[in-house]
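Labels A, B, C and D are assigned to the chains in the order they are written; within every chain, residues are numbered from 1.
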Amino acid sequence: MSIRSATHLLISCPDRPGIVAAVSRFLFEHGANIVEADQYATQAEGGTFYMRMAFQAANVGRDELERGFSADVAEPLGMEWRLAYPDEPRRIAVLVSREEHCLLDLLWRARRGDFDGEIVRVISNHADHAADVEAFGVPYAHIPVRDGGTPESEMLELLAGHVELVVLARYMRILSSEFLAAVGVPLINIHHSFLPAFPGAEPYARAAARGVKIIGATAHYVTEELDEGPIIEQDVARVSHRHTADELAAIGRDIERTVLARAVQWHLQDRVIVHENRTVVF
Amino acid sequence: MSIRSATHLLISCPDRPGIVAAVSRFLFEHGANIVEADQYATQAEGGTFYMRMAFQAANVGRDELERGFSADVAEPLGMEWRLAYPDEPRRIAVLVSREEHCLLDLLWRARRGDFDGEIVRVISNHADHAADVEAFGVPYAHIPVRDGGTPESEMLELLAGHVELVVLARYMRILSSEFLAAVGVPLINIHHSFLPAFPGAEPYARAAARGVKIIGATAHYVTEELDEGPIIEQDVARVSHRHTADELAAIGRDIERTVLARAVQWHLQDRVIVHENRTVVF
Amino acid sequence: MSIRSATHLLISCPDRPGIVAAVSRFLFEHGANIVEADQYATQAEGGTFYMRMAFQAANVGRDELERGFSADVAEPLGMEWRLAYPDEPRRIAVLVSREEHCLLDLLWRARRGDFDGEIVRVISNHADHAADVEAFGVPYAHIPVRDGGTPESEMLELLAGHVELVVLARYMRILSSEFLAAVGVPLINIHHSFLPAFPGAEPYARAAARGVKIIGATAHYVTEELDEGPIIEQDVARVSHRHTADELAAIGRDIERTVLARAVQWHLQDRVIVHENRTVVF
Amino acid sequence: MSIRSATHLLISCPDRPGIVAAVSRFLFEHGANIVEADQYATQAEGGTFYMRMAFQAANVGRDELERGFSADVAEPLGMEWRLAYPDEPRRIAVLVSREEHCLLDLLWRARRGDFDGEIVRVISNHADHAADVEAFGVPYAHIPVRDGGTPESEMLELLAGHVELVVLARYMRILSSEFLAAVGVPLINIHHSFLPAFPGAEPYARAAARGVKIIGATAHYVTEELDEGPIIEQDVARVSHRHTADELAAIGRDIERTVLARAVQWHLQDRVIVHENRTVVF
C-alpha cells in the first residue's frame, strides 16, 4: 500500500469523444502498462472530463515522455495535466495545537509505512508534544504565539521549499492568506464537525446544544475562506441526548483521526482533483 | 412491537435524590409492574431529571391512580408529568405533496402493524396519490393550493380534534403559526438534509454543489421556525462526486422514509420528551 | 437514472499491456463516445483483467460492430466479452413467499422508473399478495406448494424465455439445481443475514441467541449451494441486547429491501461481473 | 468521563414486580442519590431481570450498606449482585503479539485519561514493542514462546492478583483453560472479523476470498471455546472487490482498535453483564 511504484497521470479537459483512446494509445505506444484508470465527466455531454491513470514502465525518459504527451495529446485536446513520479519526494509537515490524537495517529501510520510519504517536521504553538514526536525521530519546532499573533514567518522558514504537503492536525490558529500563498503547497485541515454544519469554533458544544443525533468530521483543503475549502472526506458517528459536549469530543476524536488519515493518503496517492471548490476523489 | 399493552408515565422535574424511589414505590404500592424504565439527568447535580416508565396492571382506576400520583408524588417533587394509556386512540394524519415515498412507506408499515397507531387521513395539495391511498382504505383529501395560498382552514376541519399526530411526509408548503396552534397536536416533519446543514429549499442540489461526501435526513417536531424544531432522529449515507443532485435525491429517499418511520414510532411509543428544543429519546 | 441510453461492453481476459488502448481505440474509430469506464486487475501482473465501458453512438450497425470487435480486439487478446444494448428487454420476475416488504419495494421502485428494467411477473406460493401486485398492473401467479413440493415445472412455464432476471424477494422455498439450469437466466436472492454469518434458516433468531451487536442482509446470485453464491451487496444496522428476534426481523426488513434493490439495479446496469464466486461491482 | 465518582450496583434476579421500588427505596433511605439507572428484562413476564444503578454519597459505611442490602433487598428477591466502588483499583494488563495498533491505541487513551482504569503491565511474546511501551512508563515483559509453547506460568506470576482485567490486544496465542481459571479476572479479546463470520485464523484472507462487501471486528470476553465468548461490541466498514487481503487488514485495524477501546471502557464502567453467553451492555 505504501510502496509507490507507478507513475500517476492526472488530466482535466473539456469533454469530447476520443480522450481515453488518445491517452491510452499514447501510453501503450510508449511501453507503459496502465494499472489503474478512473474517469469522471461532470455531465453526459459538454462538461469537464477528469481522468487519473497509474502506469508502469514507460520505455522513454521523462522529458521525452512529457514533450511527446504535450504535443501529441494534451495540446490537441486542450488538457490541463500533470505527471507524478514514484521517486518524487512527498515530505509532510504537521501543524498541531493542544489536542494530540491526530498527530500521534499520523506519526504512527507513517512509521508503519501506511503513507506514500514521510513526515519530516512537526510544528506546534505548544511545547507539550516534543517528547512524543521526537520518539518517532521527527524534529519538533515549538513556535509559541507572540504578541497575540502567530509567527508565520518563522513557520514559513521551516515549510516553504521543504515540504510538499502541510497537514493541520487540530491546529487551532487561523493562517493568513499571505501565509497560504507563501507556503506554496496544499494544506489539508481536519474540522471537527460534519461541514457545512457547525463551521467555526466549538462545534461539539454547538452540536450538543442543537441536539443532533449524529456528529462527524471533515477533512478539506485549506482556502482563504475558513472551513469553506474543498471537502476531501467526511465520516460520522451516532450520538444521543446522553452525551455531553465533552463526550461528543471524545467520540469525535476517533472520527477525526481516521478521516484525516484517509484524506492525507488519498492526496499522497494523487487521487484527489479539485474542481470548482469540490473534489473528485478517484 | 405494535401491540400497546403498557401504560406510559412521562416525568420531568428538578433533579434531587429520591425521585426514582418515590415513583417506583408509588407504582409498586398500586399493584403496577414496571416493565421498562429510563432516566436522564441533564447534569450530575442541580439539573433537570427526565424519566419514562412503562408499567402494567395497576390495581386501581385511572382517576384514583392520577389523583394519588399527583398528591403523593408529583406535587411534592414539582413534577410535570403525564400518563398515556394503552387504549387511547393514536390517530395519525399524513400531509404530502408530490413525492410519495414517505407516504407509501408509512402506509405499508401501518398496515403491517409496525406502528402503535393508525393512519386515518391523508391530505395533499395534489390529486396524484388518491388511488394509492384509497387502496389502503384510508380517506384521501385533495386540498389544492388556491390563490397562491394553502387553504389551512379546510385542513384544520379534517385535523383538529380528529387526530393525535400530524406527519409531514415530504409536504412542501409552509404552515402558518396560526395553523400550528389551532391543530393542537404535535407535527413531525422529515427534512431532506442532515440538519443543521442545508436548511430550507433544495438541499440535495446544495449538497451536490458543496461537494459533501455524506448526505442525510432529519425528522423533527415542527415549530414556528422553519427546520429549527427539536430533532428526533437522523441518518446518513455515503455519496461521491459521481452522484448528481438527482441521484442524491434518490439515495436520500431511502434515508428519509426510514428516519421518518422511526421518529413516528418512537413518538407513538411515548419515547420522546422535548427539552429546550432538544429531544430526549428513551 | 432509469433511462438506459448507452451500450455496455463487459470484458474479462488475461491481464497484459495495451488492453485499454486497444478497446478505446476501436470504439473511437467506430464513432463511439465512452461515457463510463471502469477497470480492475486481480493482481499487479499476470492476473485477470476486468473492464466495463458504457458508450454512445457508434456509427456502424451491431453486427458490424461485433464482428469487428471480435476480430480486431477480442480474439487477439483472448477476451470473454459481451455487449448489452439499450433497447434490449430487461424483464424481471419476482418470486415471493409470505413477507411482502421486498416485493412492494421493488414494485414501487419499478413504477417510479428507478430500475433499468420492468417487472412483468410475480409468482408466490401464497395467495396473499394478489391485490397488491395487480394494483401495480403486474400479473400475479399463485402456485401453491403441492404434495410437499414446489411445482417447478409450472413456474418454469412462466419464466423460461419470458424474463431476463428472476428476483427471490424473500422466497423461502429451495429451488432445485434442475430448475436453476432450466430457467436459464440469473437469479438474485436476498438473505436475511450478514453472510457468511447465519446461513440457512432463522438467522434473526440465531443472531439474537448469539448476542451480536450488528445485523445485516446479503444480496447474492443463486447457485446450487444454498447461501453460498457470489455476494453482490450487503448492509448492516446496529442492534442491542434489548431487541428480540422479532424486533431484529423488523429492523432487518429495512436493510433487506434496500440491499436487494441496489443489487437488482446494479445487475440491470450491467455493473456486476462474477469472478470465481466473487463479484466485481463497477 | 474518566473520573470514577459513583458507586455501581449490578443486579440480576428472577423478574417480579417491585424490584426497582425495593432497590431505589433502600438507596434513598441510605442517603444515596441515583445518578444513572438501567434495567432490562429478558421477557415481559417470568424472565430474568438485570439492573445497573450508579449512585453517590450513601450515608453509611460499606459494610453496613452491604449487610443491609443483602438482608433487606437481595435475599428476599433472590438476587445475584455486586457493588463496585469508585476507589477500587482497576489495573489492566495488555497481552500483544506482533501487531501493535491496538496496544498503542490503548496506551494513548489511558494516558489521556479516557479509561476508568490504569494500564500497569504489557506482556508480549515478541520484544518489538519494549521502547514504545516504556515511553508510556508502563513495564514491558517479553516472554517468548519456548519449546513451541506459551510459558503461561511466567505470565500468571505477573497477572494473577496484580490486575483486575486482561486485554488481548491482537495476542495471537491460544491460552489454556487452566490459565483462564488461574488468572482469575475477566479477559477481553479483539477478534479481527465480524463474528460469527470467519472465526479462527486469517479472517481477512477468508473475507477477501468470500467476496464480502463489509468487514468488521468483534470484542468479546474470552471463554474456553475460541471466538465463542460473549460479544461486547462490534463494528464494520464497507469494502469492495478492489481491496486485497492486506488492504482489508489495514482497514480492519482502524475498526479493531476502536471496538476494543469501547469494550474495555464499558467493562471498566461496570456496564457489561454476561447472561447466557450474551452481554447486556447498559
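Everything below uses one rule, namely that contacts are C-beta pairs under 8 Å (C-beta built on N, C-alpha and C of every residue); 3 or more make two chains touch, one makes a residue touch a chain.
The model shown is predicted, which means the values in this text are computed figures rather than measured ones.
Under the contact definition stated at the top, the chains bordering both subunit A and subunit B are C, D. In the contact between subunit C and subunit D, the residue numbers used by both copies make up over half of all numbers at that interface. Seen from the C-alpha centroid of subunit D, the farthest chain centroid is that of C.
Subunit A and subunit C have centres, each the mean of its CA atoms, that are 37 Å apart. Our note on geometry: subunit C versus subunit D, Cα centroid distance of 41 Å, whole angstroms.
Annotation for subunit C: no residues touch 2 or more other chains. On subunit C, the positions that touch subunit A within their shared complex are 16-18, 20-22, 24-25, 27-29, 31-39, 41, 44, 238.
Contacts from subunit A toward subunit D in the complex involve residues 1, 101, 104, 108, 114, 131, 135, 246-247, 250, 254, 258.
Chain contact summary for the complex, subunit C toward subunit D: residues 40, 194-198, 209-214, 216, 230-236, 240-242, 275, 277-281.
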